[in-house]
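As written, the chain order gives the labels A, B and C, with residue 1 at the start of each chain.
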Amino acid sequence: MTLSVVRVRGVDKVFGAGADKTPALEKIDLEIPKGAFVSLIGPSGCGKSTLLRLIGDLTQPTAGMIEVNGKTAHRARLDRDYGMVFQAPVLFDWRTVQGNVELPLEVSAKNKSARADRAKAMLALVELTGFERRYPWQLSGGMQQRVAIARALSFEPAILLMDEPFGALDEMTRERLNLELLRIWKQTGTTIVFVTHSIPEAVFLSTHVAVMSARPGRIIEVISVELPQPRNDLTREDERYFGFITRVRERLRGHEVGKPGAAEVAAS
Amino acid sequence: MFRPARSVLSFLVVISALTVLWEVVKLLGGDPSEAWTPPFQWTVASDLNMPHVWDIAASFVEPAQRNGPPLGLVLVNAGIFTFREAFGGFVFGALLGLALAIVFVHSQLLERALVPYVVASQTVPIIAIAPVVVIWLRGGWLAVAVISAYLTFFPVTIAGLRGLRSPDPRALELMRSYASSSRDVLVKVRLPAAAPYLFAAFKVAATASVVGAIIGELPSGIRDGLGGAILNFNQFYVSGPPKLWAAIIVAAVVGIGFFALVRVAEVLFLRGRAAPSDA
Amino acid sequence: MTRRIRYYGPAVAVFVGVLGLWELAVRALGIQQFLLPPPSSIGSAFAEHFDELITVGRNTLVEAVGGLLIGGVTALVVAFATARWATASRALLPFAIAANSVPIIAFAPIMNNWFGILNPLSKMMVVAVLVFFPIMINTLRGLTLVDQASLELMRSYAANELAIFAKVRVPNALPYIFTAFKVSATLSLIGAIVAEYFGGSRSALGQFIITEAAFFRFANAWAAIVVASVVSIAFFLIIVAIERVAIPWHSSARIADSS
């Protein structure tokens, strides 16, 4: 067995108490090997964001334990092991593009010239060289999201946590950014946990797709996507690609209609 | 959140805290008495500058003039008089402000021509023109109401403009696709959207109207309101400092009271609607 | 250029038109000086008393600026200090809003007694109290109404409270602070003039206007009103200019860029 970067064991998450008690996640087990690209997919409200936020220590589990790089998630956050990308870019209006990318480096007190070099390199990685002095509101939505990715990558996080980062973009931009993300993933070797609503996107990007069910949120199955690397435009025409899409779709649907077989839990 | 009972209670707590603080300052730096010699001598804390809380309280029941009615009654009457002026000014100002906003939303030419002057109007020291307005309108509370309206219409116009422009352009397009008249658009889309903005402005306007009424009374020779009372007790301050303080307290009550009134109206009117984040 | 004319043209036309009508109406209808002097006599009064008006205007401006600084700095300090404790600032806000609806002008005579009727400090303190509440309330809003996602982003970097304050809360509050100062600029001048009404140096706008009006020299009084208005607009524009430089990223600057 390879080294796990993220290890989630028997995690429950319940929001609220008393009458408005909402069980969001139940008995979640998940192992994410180093360098993996794992997508979380499932119906709206099944707890994908919650699971991501639990791994990132932005919220705490009600039961169970989460280990990241052999430490608690809290320790990992303090050690700055995470890069977060949300659905909205969450860029600061008052900072230039470069200033935004430097933000996490400033927080971790890197010196000025190292910061500038690193930010330049990251912006080159997302192909935004030449836009350093611009303000976020002068960029298109897709460019803003790329800035957010550059920012998340700037301090070389061990894990990149992405919550529907391309959800608000059009299909064409989305496909282009998918390719860019894969290139960055290969180049940096980080582990990525990726939330999406799109089955083709999940299959195209991931080494593993974790299919989730709603109410309570559970992981029904983790599907290994054995498609050749590197993925590219040809992948989208591969027959096996469609095979995996069908498999994920059936898993999702199968659970919705409540087939008896769907209850089986198969986590990695 | 809006819980009247709780806010009244915490309000009383703050008032009591201020009262205690006031007396502590006097204890530390006030005038010496037989019972106590304060360690410091601050001019600001002297009985002339900061009368004792109980002296202020007592002044409410003492007659304002020899053989006259108690000061409290005089001030309450003055407060009602000033409130009437302020309320009149508030109504005039709100109507004028809203009318201007509606005109500006519909005519870019008028907006460009007049909005700079709407803004500039607020830089004119109204106290300086008040006497003229009083002569024009032959005195009385109506003149003061007009002066008060001058301060009131401005926030309503500015917030009204923003509010009337706030509906989603798609909603406006949808209305257009139904071939609605611009009157329909105004009544069904723009005004409801502007309501939260307008109430935010009404709260500012309520305060401004009281300020405007007091300021308007000063140079116009009207002596029945709080402005007159303040001017009057200021002249005889040395002989009775608590009276001026009493007048100021009543003025504060009128100001806060009018604000609270608008706030209650806002809660009732906008029940179940989320306030706009920036208004 | 033509765009400029189209943009500012209507306003200029109104200015010229109103002045012309005013002059005509006063002459044609024979309106008496004490009701409304014509622009031409206000103009000549202005020219005649130019030096005095400048001195008088400067003295009042000093009171206004001094008061705005005292009140503004105190408000910023209080807001920054309480914003550290979210619950404290949330509890404080309703009282600040209530206090803001007190007609502060009523305190002018008290300040005269406290600090001396001829001391400019008495007027500054009225202005300071006047501007304190709007600036404090707005600053507190700016520091606390921060996008939740921005805070989470900072948490994911394990940023401490100080870093969040310096890199998120303060920049977020700057537009609110400037808005408050812009409003307070005009407020401070009006406040100083009203405070002068309760007594003060002869060499200040408020007392100048009262004296001239008392001696039926209305054109002089109106010239002083114009000075007050112009000084107040200039003060406002200076703060707008500082805002442009200090927060070039703000949306009010963006609109100007695109036109």
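We adopt the following convention: a contact is a pair of C-beta atoms (placed from the backbone, for glycine too) under 8 Å apart; a residue touches a chain by one contact, two chains touch by 3 or more.
Everything numeric here is computed off the predicted structure, so don't read it as measured data.
**Q** Moving only from a chain to one it touches, give the least number of moves from subunit B to subunit C.
**A** 1
**Q** Which chain's mean C-alpha position is nearest the mean C-alpha position of the whole protein set?
**A** If we average C-alpha coordinates per chain, C lands closest to the whole-structure average.
**Q** Where centres are the averaged C-alpha coordinates, which chain has the largest centre distance to subunit A?
**A** Of all the other chains, the one whose centre lies farthest from subunit A is B.
**Q** With centres defined as the mean C-alpha position, give me the subunit B-subunit C separation in Å.
**A** 18
**Q** When the C-alpha atoms of subunit A and subunit C are each averaged to a single point, how far apart are the two points in Å?
**A** It comes to 50 Å between the two C-alpha centres.
**Q** Just curious, how far off is subunit B from subunit A if you go by their C-alpha centres, in Å?
**A** Chain centroid spacing, subunit A to subunit B, equals 53 Å.
**Q** In the complex, go through subunit C and note every residue touching subunit B.
**A** 7-11, 13-15, 34-36, 91, 94-95, 97-98, 100-107, 109-110, 112-114, 145, 186, 189-190, 193-194, 197-198, 205-206, 209-210, 213, 221, 224-225, 228-229, 232-233, 236
**Q** Considering only the defined contacts, which subunit C positions touch subunit A in the complex?
**A** Interface residues on the subunit C side: 147, 149-150, 152-159, 163, 167-168, 171, 174, 247, 249-250, 254.
**Q** What part of subunit B is in contact with subunit C in the complex they form?
**A** Per the stated touch rule, the residues are 7, 10-11, 14, 43-44, 48-49, 109-110, 112-114, 116-117, 120, 122-129, 131-132, 135-136, 203, 206-207, 210-211, 214-215, 218-219, 226, 230-231, 234, 237, 241, 244-245, 247-248, 251-252, 254-256, 258-260, 277.
**Q** Would you mind writing out the residues of subunit A in touch with subunit C in their complex?
**A** 56, 58, 77-80, 82-84, 86, 88, 90, 92-95, 103-104, 106-108, 135, 137, 155, 161
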